[in-house]
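The first chain written gets the first letter, and so on, giving A, B and C; residue counts start at 1 in each chain.
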């Protein structure tokens, strides 16, 4: 049986630094998997490899049996995998609605010829897409902030928007890079509820997370990464209660 | 009165060029000093077809010129943008200098340094445009259509995509969109505008020579966008109208003709520096 | 033999171009700014030297004063323009446009003061010819080769052996880290642009000594120099110099088969080849 997402033998160096070391794991469909590990373990690097922003020195990534090697980021989004960024990377001068609408697949008017010669068709399609985008924003709880510029949103709202943006791509596997970091208690609960809701709707989530409470509350599986290599995997209880891993995570050197 | 009509015609031609430069430099954020070269290609191509042994009429010639300029811009941006922005700077300078060399030395095609005289006035749907006033009407239609296209593009998802690319290309790629294709399309469109402007220029002046399409001309185009304002329709209109009035103002000051051109270019340089330092959004635009 | 003569003059041009390339590369590799105004400093140096020579100044003064002036101008551009723009978080594009504006200002002030016509240096010995078999070179051309090679050696020594040179290389390779470790990148930028401006004044005087002064003659050499820098690998001093000589020689030899007006086409063709097949250059990341 082919794994949903299979990462095999990833190896990558940045100059003298070995970021990934024979890293291999699989993700199962429909589950929320948390990727944990100390800083510098290679978590964001793995995201970059899976989503085509980085070509690893060695190793392959396969999604639903299809190899993703060498594909450009936008092709991987079309294949069904989308990611968020630790530093958000929202379009700050655009509205929340525009941020979501950009991510919507195949819109008429995305190239000049259609925009100039079929303005009515473009406008009508945009109205439909706008409804879709508003629904997505509503889904994450940002419907009333649709017209506001991103620079005017709170940090918690911006984080919700990053999730809305990946939802808009229509991807089924979502890679979320620290979706809960820096949030207040209320915003934290909102995000966790959202992630669980996405799971019930059929999305598969791979989440990088530092907050152990979040990991405990949402993760079905946990992958513990250290020095670019998968050290351990299992249920949240098993990983969190392991003293050796705790030593690495909290006490060990970077 | 004729003098005012001339000014308006030139301003409108440069509005088309302003839209072109604004698309490339203002909206996509590509540093281009080769706009005048593309302008020149448009002018020479239209002139060629209007004066060929079996001449074409104005609008078909414009279409061919626009197509040539689209191809030129795609050819130039596609390889260099794949590598890095600074590579395009070198490419742009290279294209401009190369174009000037071609315009000046390929005497059979372009008349060489002496230029191409005797370009016939345009004939549009059987009507021959003879007077300056008639030309102004034609040009206004042309510039108006250009502005309309620009407006439609910026309103459409394409415009939003370009704005997002300016902010963060990586995030756009992560949203599933092809950044390179969008940039090259914008460059192609900029080529179409510039080529069309060239056609109008050639038929209005009935004489063109390489000095209208050199590096100094490209610098003037940049200045128009910088002063008028980047990334907006208003900026693309304000810039040309203002900067074309400048030479008229300069005639009030007593400057010897030998250095008149240098004086103008000096002012453009100063304007570029001042606006970049103190008002990067220009008069009616958004911050560059 | 014509080819040998062309080769020799190509070497001369290439050496001068090499110094332009090295100096530009210093600024670009360190500050990441595509400092097109460099062409203006190149142009200004020659004109200042000419003004002094024409007023009867001794040759030493006619060389030292322009170098000092260029150095000061370069530092002024960094402090008064680039640093200020960086403070305002200006985009790369804004800095490029400002640099272009500076180039236009310098070139056109020169054109206004000295007129756009070609001026020659009134130095009789500069055009005296020396023969090496079938090849004939003027004193100026020989001087150009010697000075340029000395500048290359000097720059290599400076970059690798002096503390400031190493500091510059550190900042160039990692500005953020340099900032944190107190290497003061912004002070380094001023040094870099000052040194580069002083360097580029040398070909700025020697080339017009050979070919005459013209206010707008800085752009083409700068373009060729940047192509040499890219083809040689950004950050490689040797790469920039060697490729400059190579490009100039190829350009000159192309005169055997095509008219001189198209030599820019040759240079550009070389650039396109590198861009398509080897964008990182031949000696990339090596210094």
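By definition in this document, a contact is a pair of C-beta atoms (placed from the backbone, for glycine too) under 8 Å apart; a residue touches a chain by one contact, two chains touch by 3 or more.
Worth saying up front: this structure is predicted, and the values here are computed from it rather than measured.
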Of the chains shown, whose Cα mean is nearest the mean of all protein Cα atoms?
B
Which chain maximises the distance between its CA centroid and that of chain C?
A
Inter-centroid spacing, chain C versus chain B (mean Cα positions, whole Å)
30
Mind checking the centre-to-centre distance between chain A and chain B? Centres are C-alpha means, answer in whole Å.
42
Centre-of-Cα separation between chain C and chain A, whole angstrom:
47
Given the complex, residues on chain A that touch chain B span 51, 53, 72-74, 77-78, 82-83, 85, 89-94, 98, 101-103, 105, 107-112, 114-116, 119, 122, 126, 129, 165, 168-169
Of all residues in chain B, those that touch chain A in their complex
149, 152-153, 155-161, 163-164, 167-168, 170-179, 181-182, 185-186, 188-189
Chain B residues touching chain C in their complex are 25, 29-31, 33, 79-80, 83-87, 89-91, 93-95, 97-98, 101, 104-105, 215, 219, 222, 226, 258-259, 261-263, 265-266, 268-273, 276-277, 280, 288
Sites on chain C touched by chain B in the complex
28, 34, 36, 81, 84-85, 88, 90-98, 100-105, 107-109, 111-112, 115-116, 215, 219-220, 223, 226-227, 230, 259, 261-262, 264-265, 267-268, 271-272, 275-276, 279
